[in-house]
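The structure appears right after this line, and notes come after that.
Chain naming follows the written order as A, B, C, D, E and F, and within any one chain the residues start at number 1.
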Amino acid sequence: MTTMAILTIFVLSVFVGFEVVSKVSTTLHTPLMSGANAIHGIILVGAILVADKSTSTLETTLAIAAVVLATINMVGGFVVTDRMLEMFKGKGGKK
Amino acid sequence: MNSNLYALLGLGVAVSFVMALKGLSAPKTARRGNLIGAFGATVATIIVFFDPTSVEHHNTLLILAAILFGLLVGVPAARKIQMTQMPQLVALFNGVGGGAAALVAIVEYLNLGDSASIGEVIATVFTVLVGSVSFSGSIITFLKLQELMTTRPVVFPGGRFIIAGTLAGSLATSGWVIASGGTTPLLVLAGLSLLFGVLFVLPVGGADVPIVISLLNAFTGLTVAASGYVLQSTLLIVAGTLVGASGTILTRKMAEAMGRSLFGTLFGAFTAKPQAATQAGEARPVKSGSPEDVAILLNYASRVVIVPGFGLAVAQAQHTVRELADLLAAKGVEVAYGIHPVAGRMPGHMNVLLAEANVPYEQLVEMEEINPTFPQTDVVLIVGANDVVNPAAKTTPGCPIYGMPILDVAGAGNVIFLKRSMRPGFAGIENDLLYDAKTTLLFGDAKDSLTKVVSALKGL
Amino acid sequence: MRIAVAKEIRPGEARVALVPDIISKLTKAGLEVVIESGAGTASGFPDSEFTTAGALVKTGNVISDADVVASVTALTAEQMKSLKKGALTISFLSPTTSVESIEAAASAGVTALSLELVPRISRAQSMDALTSQALCAGYRASLVAAELSPRFFPLLMTAAGTVTPAQVVILGAGVAGLQAIATAKRLGAVVSAYDVRPSSADEVKSMGAKFITLELEALEGTGGYAREMTEERAAKQRELLTPYLAAADVVITTAAVPGRPAPRLITGEMVSAMKSGAVIVDLAAETGGNVEGSKPGETITTSNGVLIWGGKDVPSQLPYHASMLFSRNVVNLLLLMTKSIDGKPTGDVIPDFSDEIIDAATLTHGGARRTPEGKK
Amino acid sequence: MRIAVAKEIRPGEARVALVPDIISKLTKAGLEVVIESGAGTASGFPDSEFTTAGALVKTGNVISDADVVASVTALTAEQMKSLKKGALTISFLSPTTSVESIEAAASAGVTALSLELVPRISRAQSMDALTSQALCAGYRASLVAAELSPRFFPLLMTAAGTVTPAQVVILGAGVAGLQAIATAKRLGAVVSAYDVRPSSADEVKSMGAKFITLELEALEGTGGYAREMTEERAAKQRELLTPYLAAADVVITTAAVPGRPAPRLITGEMVSAMKSGAVIVDLAAETGGNVEGSKPGETITTSNGVLIWGGKDVPSQLPYHASMLFSRNVVNLLLLMTKSIDGKPTGDVIPDFSDEIIDAATLTHGGARRTPEGKK
Amino acid sequence: MNSNLYALLGLGVAVSFVMALKGLSAPKTARRGNLIGAFGATVATIIVFFDPTSVEHHNTLLILAAILFGLLVGVPAARKIQMTQMPQLVALFNGVGGGAAALVAIVEYLNLGDSASIGEVIATVFTVLVGSVSFSGSIITFLKLQELMTTRPVVFPGGRFIIAGTLAGSLATSGWVIASGGTTPLLVLAGLSLLFGVLFVLPVGGADVPIVISLLNAFTGLTVAASGYVLQSTLLIVAGTLVGASGTILTRKMAEAMGRSLFGTLFGAFTAKPQAATQAGEARPVKSGSPEDVAILLNYASRVVIVPGFGLAVAQAQHTVRELADLLAAKGVEVAYGIHPVAGRMPGHMNVLLAEANVPYEQLVEMEEINPTFPQTDVVLIVGANDVVNPAAKTTPGCPIYGMPILDVAGAGNVIFLKRSMRPGFAGIENDLLYDAKTTLLFGDAKDSLTKVVSALKGL
Amino acid sequence: MTTMAILTIFVLSVFVGFEVVSKVSTTLHTPLMSGANAIHGIILVGAILVADKSTSTLETTLAIAAVVLATINMVGGFVVTDRMLEMFKGKGGKK
């Protein structure tokens, strides 16, 4: 992929990121932060990629540590966000 | 896996993250948004094992074990945590995410060796620096929030020079890595960055911590994007950038909502003077909310009792309060007014005002009748009243209002006060209810506040 | 031409047919205005104000040499006879109750306009004295009721207990009835109202009051007025209204049917079912009474402690504004009959019977009673 | 113990010290209640309702064998003397104007509680009869003013011209004044008010009325009451108020300083600067009058056409609710003195002078006048 | 030009377009947004001459001349056009844009010859098809709006089979081009598509035309994106996609706002039956608006007069109207109420209501006083009144209200009626003012309508 | 640029396009449509590119026609949009 393409993707993602949360209400600040936090747990994908091709012990150790940390970030993040959002449960459909 | 399919699935995951963030920004769709994100992340985690470009699979089992371990640590922690401790858990999760990004960058750096392009090196340096800051900074915020260390700003003489020095050191080391490559400088950079993260967060006061968490969160997002660049993963680039961009906006919004200057919060570290620490008020903490918070509490209640007092009259907010009540009723919330016999400054004061605003008489309920209903009430909205809900009338013999019957609002699920300040009411005595855990304060003129709540409610 | 206003001679009448404020409109139209000294005193307009406004204030008879005579109540037969031939009078002048005055006017060659007969068309709203005076009466009715009631009107929750709001029932929701609703509501009472006209339900609701729906057919006559009810319907209506009255703290009745005695809405029996301390205000007492036993100008306490106030000259009890509104009605009607040539007023008042309003309002002209063209 | 209520004997007094509704509270506390036949008639509570409520209705003297006597106005010296030794009375009982009764009570060994002296503390609000009766007086004041005024209170834009709203000025914005503001505002008048207490500006504004700010220092005494003004300040205040009065259609005065004659807020000169047709309602007429020339119970028309209504027994003019509120105040005070043992009421009424309220309110006890502990 | 710089500038232009669209969606920023877009487009047009990848420059002068010619045609047309004719001009511009895209695709197709990849051929076919439809369709909408042809739906017997046939033909030809290549089939495709565009738009009725324009606009955007793919221009891809996506959303919103079914509008062509044409109502046209339209009119006014009538009372909208007035006053708009002496059903009816809502007496202005001020009034908001503003009282001798003085609201800049239907008022006679060009109608219960206007106003 | 990059850019652009106009008020529908219309006039860039490298008369003629049409679209579009927005002029800064 060309640098230009990456840059374009980056810029567009910035816009999407800005726009998508631009109307968030105050009460959702924390859940949104927590959800975004879970999303960057996607570094897990990176960690898996590097771990799988690591051969030296040092690399493997570090990479496996990264996998553990990233998993905690991602899974814990989604679960805790869900718990925060429990108050919106059920009533969400109410008009 | 077919590389086109793989790429398309990756794009789908990226789209799911966009939808997750979008969903999370509105109460109605928040839960669903989060689930969509979680689904996308799961898909990504599965398909990465079939990445057509990764040909070597040395540690698949180990990785699966590591994931399992991560699950066993992360899920119970997230499940068992108490509501009030969630922020620190988010901080911790954010920190480990930052740490993971830094580790991935280091490993890939070791892996690439000299074949790394200049762009890749810069991205690696960025990831290591910011990831480490995020890691150590988040740990400190965690410790602060968990009250494992003082929540006060920690400032020591000359501190700001040390902080600035550490930052300068990190940047210099970054230059060194970029210029000369090699493992040692990278590890030095990691060390310095970890230190900087600690120093950066230490001077932040308790109230500003959430803002810092949000900022570190956005930082972590950017490190993920940078890792994506190094690893040639569009998904990581998009996801990381999304988090970085939305996190930045969110940080600004949070600072605004809390009436804090973002600049002051962030650069407090550089400007804080030692004596500031001792100035931090000893006042009892109160929970103040925004009009949106109040609107959400009201919106998701089944029964709301409005308690008007002299402040309603002063603000002449009778029409606005009726508007709010009508709006709630239209949303299916049961609304009643609890009228204390001496609310206001003249017998029947509230009646005069509410009649003017055409509030139906049936909605006005006397104290004796409404008191037993508070335990079934989700939210009590106290509009400019104070003495008439002050529990001191029951608990503090000798105080001027002792023996006066009061509205037992403390029995309700949530209590919201609309008032302008922490000043007491007519009787001049403090109201402990203001400091209660179930109380939210919305400061400001009652009419203004109500107007804001009404429009926030309409926006839900 | 000269327009004159004498002191009202009917006892209890406190209004005056012209107020100082309005006189400049007449002088600008070229008319000369003469006011009998003291004519405005009872309504709060001293002679001095009339003089300042450009009128001539005179003592003694001012009408015998006037071309136009304006009054609130009908001139008596004697007064009519004392007028110049061809003079014009404007006043309330009921074709049913002021027969003598009308005959005197006819025989004296006086052109007599009756404000009661001004048609209810949009253009004539500014001359509609029935409406303007009913407005005053409706306001007074609620005030008097509040005054007489031993209870508060509004709801008040106090340290010494809760005062429940007064239940006010208004029968007849015409101009006076609607204003009575407004005033009672303002004072904080819980108001409901009943009327026979089909459009009145919306009108009552538009005042924020409750409409009492009875299972009876509606009665609408011409010009927005009601029709008279049959005795059968009247009995049914009374029966259905009884529970509403029994629950009421205050009842105000304003029902009328033009040219007919007031309908009897409330019988003695219904009164005896009411609460002790309840108050009935009967605005129709002078025209026969909506309430059995009401006497104009008197307050009667029944054996079960109900107060019945019979209205008499009710707008006169608000003399200042009642006069002000009345005089504007008179002047608007007068100005319909003045002419100007090349922008200069001629100062003549000439009734033009091709105008629907003048036609309908004029009872006598040229020495005879006349039938309006519109009715032929 | 037996609690008795006699018919009020002061002329014009229509209230009754206990209403049927509340009697069950007393019987539950173990008290026996005796009511003189006809005591409640004037306020709309017939004997039959008392009987139903559980009281004994008797003709003739009911107080001489009672342990507790409740009344609205102070018992006369003769009545005091006729009581049992050790009996307790609750009523309005002014230390300055009811000296004879108090002396009689002291010498007869009667424990006399004065409702005027109940302190203005939060806990005592439900016993504060001054407040509850001032509420009735304030409401009446505006109603009477509207009744007497020859003009409309509200703004009305009609086909016969626009009626401008009445300008109402209220002097003294205590309980009665605030309620007068509320009532006049409800009727649509434009209301402004003045008071000497510093907190009253906010209170007036909280009613939606305009506060008249004069360049004078504030006067605040104890318990939320005002202090008396010096003659110099009074003169200055009168001078500054004059233009406001001259523009007013209605003035309502409610100013009072506890234990002192009512302050003179309006002189004859100020009245003569007012408009013809203006109305002054002086609620303080009985205690000396805020307005020069006002006579309690009379309506005076001045030479320049201003009506001055002097209040007399004003709460009595709303007897139903005034009695209801008053009786709740009395009962709340009484219940402070009843005891129960193991949840069973003893039926005794025993004043406990360690209670700040009883202490402050009791004027005589054990055969002598007493000074409250709180004042020693 | 350095190719990185060139690429960066291109990205900048794309960003400017994003900002332009964003700006255009809020009144405050709309103008600025448009200017940003124009600026970006200018930059793009200049730098394209320095495109580092285009090496041949055969026709630069000719191109410049063509641009000049385009300017000379486009600018005066856009400048001189009357407000009411703008929609057709937009349609025309859109059509020529679609035509341009189709031409570019054809030329590039000729240019590439057999070297075109399958992807490029598909993109070319798409561009030619959709661009041609957009071109001919837009021309027809232009003719309809300009009333150069009937505005009624044109439907002929069997029409829908012809239309479906043409579409099928176009698609088949597309397949042919993709399968076999060559110029002829492409030209056939262009011809068939042009025909389809005409047939597609002919059955659309006058009211639906704006929706169709918006849809064709979105189509054109997509053709531009497809051209970008062929020409390897990220800028064209981004810009075209932006327009395509936002245009789609916009089309849906427009259909919603006008209460039309998007499906019905678009596929009307396939389902319309001939007799439908004759059913089109002959009623006089009125202009009805949305609460947002009313809010914008009010927001940008300097002086607003509110005329209440019986409908205000029926709806009990007095509190809401005061809320609106307060909101406008807070925005610096001068607000007064024009009270007609016989508004409502009882003398002083409006006074009673407005006093209840605490409208300050000073804001209530009598008819004689307010009438001379209407020419200086930007907007008159008529809340449930009718007879009292009916010009028939002056112009139609013999009608029941002839001779009654009225509020001369027609003198003001804009007139807004809030009422539920076209039914007349008390006097039962029609009100010509409802059909006036300066009148906007907002149908619905006055209270509901006002509530919506208030929230729209808060959103501005 | 890879097809994948183009696809990503396309998808992101779709999101940006959706989001950016999602809150448009009714009164701005027409100006927004007109502005978007002007933006797709950017096909001018494409027209210029193909025109400049055209050699045959046919190609040149077609391409030059495209340039003219695209210019009209772009320039006219922006101008007419600006005119539509005149009503928001000046008052825009008002609070």
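What we mean here is this: a residue touches a chain if its C-beta (ideal position, glycine included) is under 8 Å from a C-beta of that chain, and two chains touch if they have at least 3 such contacts.
Since the model is a prediction, treat every value here as computed from it, not as a measurement.
Counting only chains that touch, the fewest steps needed to get from chain A to chain D is 2. Considering the contact criterion stated above, the chains in touch with chain C and with chain F alike are B, E.
Of all the chains, the one whose CA centre sits at the greatest distance from that of chain C is A.
Of the two chain pairs examined here, E-F and D-E, it is E-F that is joined by more C-beta pairs in contact.
As for how the two copies chain C and chain D face one another, over half of their interface residue numbers coincide. Here the spacing of chain B and chain F, counted between their Cα centres, is 40 Å.
Between the CA-based centres of chain A and chain C the separation comes to 79 Å, rounded to the whole angstrom. For chain E, residues that reach two or more other chains under the stated contact definition are 18, 22, 234, 238, 316, 341-342, 347-348, 352, 355-356, 358. Residues of chain C in contact with at least two other chains: 125-126, 131-132, 135, 154, 156, 158-161, 163, 186, 188, 208. Residues of chain A found to touch two or more other chains are 1, 4-6, 8-9, 12-13, 15-16, 19-20, 23. Pairwise, the chains that touch each other are A-B, A-E, A-F, B-C, B-D, B-E, B-F, C-D, C-E, D-E, E-F. Residues of chain E touching chain D in their complex: 339, 341-342, 347-348, 350-352, 355, 358, 361, 364, 366. The touching residues of chain B, when paired with chain E in their complex, are 316, 319, 322-323, 356-358, 455, 458. For chain C in complex with chain E, the residues that touch the partner chain are 121-123, 125-126, 131-132, 135, 175, 178-179, 182, 186, 202-203, 205-208.
Of all the residues in chain D, the ones that touch chain C in their complex are 43-44, 46, 125-126, 128-129, 131-132, 135-136, 139, 143-144, 146-147, 150-152, 154, 156, 158-161, 163, 183, 186-188, 276-277, 305, 318-321, 324-326, 328-329, 332.
Here chain B touches chain A in the complex through residues 13, 17-18, 20-22, 24-31, 33-35, 37-38, 41, 44-45, 48-49, 51, 54, 56-60, 62-63, 66-67, 69-71, 73-75, 77-79, 81, 83, 86-87, 89-90, 93-94, 96-97, 99-101, 103-104, 106-108, 110-111, 119, 210, 213-214, 217-218, 220-221, 223-225, 227-229, 231-250, 253-254, 257, 289-293, 295-296, 299-300, 331-332, 456, 459-460, going by the rule given at the top.
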